[in-house]
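Structures incoming, each one as structure tokens.
Next come two complexes built around chain A: one with chain B, the other with chain C.
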Partner chain A sequence: MSLRLEGVSKIVNGETHIHPADIVLEKGSMNVLLGPTSAGKTSLMRLMAGLDKPDTGRIFWEDQDVTGKRVQDRDIAMVYQQFVNYPSMTVYDNIASPLKLRKKSAAEIDARVREMAELLKLTSILGSKPAEISGGQQQRCAMARALAKDVGLVLMDEPLANLDYKLREELRVEIPRLFKASGSIFVYATTEPEEALLLGGNTATLWEGRITQFGPAMDVYRGPVDATTARVYSDPPMNFVSVQKDAAGIRFPDGQLIPATGETGNIPDGTYRAGFRAHNLEIGTLQPGAVSFAAKLIVTELTGSDTFLHVSVAGERWIGLIPGLQDFRAGQELPIGLNPESLFYFDEQDQLVAAPDQPVDMERV
Partner chain B sequence: MEKTVNQRAWLLVIPVLILVAFSSIIPMMTVVNYSFQDSFGGNEFFWVGLEWYRELLHSERLWDAFGRQLLFSFIILLIEIPLGILVALSMPKKGFAASICLVLMSLPLLIPYNVVGTIWQVFGRADIGLLGRALSDLGISYNYSQNAFDAWATVIMMDVWHWTSLVALLSYAGLRSIPSAYYQAAKIDQAGRWSVFRHIELPKMRGVLMIAILLRFMDSFMIYTEPFVLTGGGPGNATTFLSIDLVKMALGQFDLGPAAAFSLMYFLVILLISYVFYTVMITADKNEANR
Partner chain C sequence: MSDKPAKRKRRSGSRLSILVMIAYLAFLLVPIYWLVIMSFKSNAEILGMFTLFPENFTLDNYRTIFGDPSWYMGYVNSFIYVSLNTVISLLVALPAAYAFSRFRFFGDNHLFFWLLTNRMAPPAVFALPFFQLYSSVSLFDTHIAVALAHCLFNVPLAVWILEGFMRGVPREIDETAFIDGYGFTRFFTRIFIPMIAPGIGVTAFFCFMFSWVELLLSRTLTSVEAKPITAIMTRTVSASGLDWGVLAAAGVLTIIPGAIVIYFVRNHIAKGFALGRV
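And then the complex of A and B:
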């Protein structure tokens, strides 16, 4: 089983929603579509599902051309951001409904429903109506309904976006488990890089209707092909500083010079943009060898257990992430540092020319 | 801790109290007052206690009118609710056509009640009316002012014409609020049109339909102007509904006492039936949910 898109595009009212896309989703793979809102994740999914017809290109399912085949005649399942269940049916009947429509025997249906309920921890509420159960349970029910059919392609369109933080964390760890149990091709859309890394598998980064990169999650994260992909795959967005490469090494705007080692040694002289993720910004005590700057603090954001610092350095605005809740004053001068080995280098066409040598610290995205 | 009591807030309530007093409480109490007394011409009143209530409860005329009223409300609900849903389902979903439809649908609701009566009075006339003339030319005998069945048919058609739009508009609003993901999910599940209606649209419209039923019931139970203009309650007493009977009693016969007792009972009946309706629908909803 595989799903292959060849030059598939979608234009709505003269506006290009999806630029010609080529992608192959292999049997039993987890594929995450990562991109900000309106990057085209849902449009691409609708094309994959057959809910929309592509304007150009062809779609193949197991090497059969299914372009233009109605969604009713395809074997797919979909889970939405909204919790979509049949309101007048119990959880049991909801899970059973697609099976009933496929004319399965009563015993078969019952066994399958109970199996799904067990898998999604719905056994105790099989007799309840969707309106009586919590949002998390409603979404579990919708997932059970989608998985009960046992189809080759399961599409999940930001299924956790409408859930609160706790439930999201809880369901997020279950999705890989469900995926393994099903053996289907999973396509999962999300706006959060963290989620893409957590689910693993492949990541396709989307930006303004284009798939900028597709590959194993770790490869895309560690080696984004261009600045756009790097920006999409970082939360908060990647910080950039413009640098000059010459015979002496790499020169920062304030004149600091670092030796060009590793991959950076091989790139031609010229102007580059160096990018780094928020957690690679060192604040306060600096590691030896770090490039240091005097930064002015613009604003701090406290999240659950981390502090985001928005600083201004030589006209650039960077965001740093430090663990723990820290008390800083806006306007305060801070010594900040950059580990030169955490820098990505992009050329003037925004293409990646050098990635950090060392494995990136995976704790934070 | 000592509480400081500030009674000045009452001052702010006074305007509303005065307004409500003049608009409802005083007129209502006057009616209550009338219902316990008998009057002879001029301004002479005699206390009769519960006499009028007793008399009315044994009055065949009242029970007949009550029966007609119930039958009428029942029939129009039976027609208008399904028809309204059907119209809402077939209305365009968006764009210019939807706006046109919405405006057209709301037109009947904007016409004054007595004009509706007049429209149908003319429409049904056998000599010049479009409907009446067409029917008589087809050889069908039709005369709403002489034949009780024709009168009923006309009154019901008139009410359906006047009020189905309301049900349709409410249902349409209910339908439009269903996220498209539901329809997609049904498509993916390979559900048929009937299943979509039965398991998505109907349950999602439940709330607005309840309101539609309640509104249409209360309103049809109090219907006065249109049948009054169209048939005047005739032929005979065939279309004499409760409110028409009440007006006949109060203004035609000037029996203020019985009419007052009548209106109070009428009011209580509507209140009671609406309450029962509401409770039944709410419990049905709960039972449905708890099944």
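And then the complex of A and C:
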């Protein structure tokens, strides 16, 4: 069981939604489509499902061309961002409906529905109508219906986006469990890098209708092929600073010089963009060897236990993630630092030339 | 303490609004009340004196209607063509409205608007062509003739109302059903129709009502066999003058079906008046 897209593209009203894409999803793999809103995640997923027809290219399922095949005849299931259930049916009948259409025996259907209900904690509300249960339960019901069929390809289009924070956390950890139990190919669209890492498997990063990179989640996270991928795979987006490489080392706009060690030693002289993730920005006591900057604080955002600092440094706007709740005033000067070993280097075509070789601190994304 | 004056004010305000409401209701109900009491009076009482209640309560007027086929067949005829019309309108409008709500096709917006403009022409305009056409294909004086003629304004209305209700159903439901393996017909009847059931009820009500009250086309296209009650009522001038009591009874009986139908769709009627776009 594998899904292969060959040069698949989608153009709507003269606007290219998906540039020709090639991708192979292997049997029993978890694949995360990661990209900001309107990057083409949903469009790509609809092409995979067969809900939309590609303008060019072919789609193969187990080496059979399924490009024009009706969705009814495909081996797929889909969960939407909206909670889609049949309002006139009970939760039980919702889960049972695809099984009934597959002409299973009543006993088989009942066993499967109860198994799915157990797996998704719906047993106590099997008799309720979708309108009578909470949003989280509605989405569980939709997932149960999708998984009950036991199909080869399960598509989930931001299934947790419409849930509140608590429920999202709760359901998020269940998805790997459901995935393992199903043995299907999963395709999961999300805007959050954190979710992509948590689910693991493969990540395909999308940007303006293009798949910029596809590979194991950690490989893409640690070695984004270009600046766009790096930006997509960082939340908040990666910060950039323009640097100059010459014989002496790597020079920052304010004149600071750091030695070009490791991979950076091998890159030719010239102008590069150095990028780093928000959590690599440091304040307070800097580690030895850190590059230091005088930053001006624009605004602070407090999240539950961390603080986002929006600072301006030499005309660039950076976002830093600092643990703990910090109380700073907007407009105040802050000394900040960067560990040079956390820097990614991109050339003028935005291609990655050097990535940090140390294992990246995985606690924060 | 502090909210007491406000409360008192609100109470006096509500007393005024109750008065206004009662006055308005009375104003609306006077003609209906008058019709109802007339139907229980004899002609002599109606013409001879001014009474707020029937002095000599009588059911003779109703007896006349239920005993005379030329009267009660009017109701039967009306009921037959109105039901036919409602069924035809719904059967035609359901797929049409689905197409308008789900697909983009050449000229869809223009067609959709044009449908509504059909309602802007007075039925009198269509009386002549329908009369001539139905006479020449020997449909004249049949129930189906009136039912088809009424489709002229009921189908566009039904499409408009249903489209509004259907637009409220997310497209993802259709897609999920297709992915689950539903064929179109099965999806439409098992999942989609139950979801827009209130819309169908409201649409049926409007079709029923407009067809029931329409006089001109139904009178022009019938003579004996399919003559509707509204036509009979307007022709009841006998040699002895108007039969007031019987006419009033017929009027009461004409209001009842509408009142029954509206009872079933009362919760959705406002949305229907907004053509489903609330």
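Going forward, the second predicted complex is superposed on the first by the 365 of 365 C-alpha atoms of A that agree within 3 Å, B and C clash if a C-alpha of one lies under 4 Å from a C-alpha of the other, contacts with A are read in each partner's own complex, and residues count from 1 in each chain.
Please note the rule applied: contacts are C-beta pairs under 8 Å (C-beta built on N, C-alpha and C of every residue); 3 or more make two chains touch, one makes a residue touch a chain.
Nothing here was measured: the structure is a model prediction, and the numbers come from that model.
Visitor: Looking at the overlay on chain A, is there a clash between chain B and chain C, or do the two fit?
Guide: On the shared chain A, the partners clash.
Visitor: After superposition on the shared chain, which partner residues are touched by A:A49: those of chain B (first), chain C (second), both, or neither?
Guide: The answer is both, since A:A49 touches chain B and chain C.
Visitor: Contacts for A:L101 in the overlay, against chain B (first) and chain C (second): which applies, first, second, both or neither?
Guide: In the superposed model, A:L101 contacts both chain B and chain C.
Visitor: Looking at the overlay, does A:I76 come into contact with chain B only (first), chain C only (second), both, or neither?
Guide: both
Visitor: If you stack the two complexes on chain A, which partner ends up touching A:V84: first (chain B), second (chain C), both, or neither?
Guide: A:V84 sits against chain B and chain C alike.
Visitor: Given the touch rule stated above, what does A:K129 touch, chain B (first), chain C (second), both, or neither?
Guide: first
Visitor: Do chain B and chain C touch any of the same residues on chain A, and if so, which?
Guide: Residues 49, 51, 71-72, 76-78, 80, 82, 84, 86-88, 97-98, 101-102, 142, 145 of chain A touch both chain B and chain C.
Visitor: Taking the touch rule as given, give the residues of chain B at its contact with chain A in the complex, in rising order.
Guide: On the chain B side, the touching residues are 179, 181-182, 184-185, 187-191, 195, 198-200, 202-204, 288-291.
Visitor: Which residues, counting only chain A, touch chain C once they are in their complex?
Guide: 49, 51, 70-72, 74, 76-78, 80, 82, 84, 86-88, 97-98, 101-102, 142, 145, 149
Visitor: Applying the document's contact rule, which stretches of chain C touch chain A when the two form their complex?
Guide: Touch residues, chain C against chain A: 170, 172-173, 175-183, 191, 194-195.
Visitor: Within the complex, which stretch of chain A touches chain B?
Guide: On the chain A side, the touching residues are 49, 51, 71-72, 76-78, 80-82, 84, 86-90, 97-98, 101-102, 127, 129, 131-132, 142, 145.
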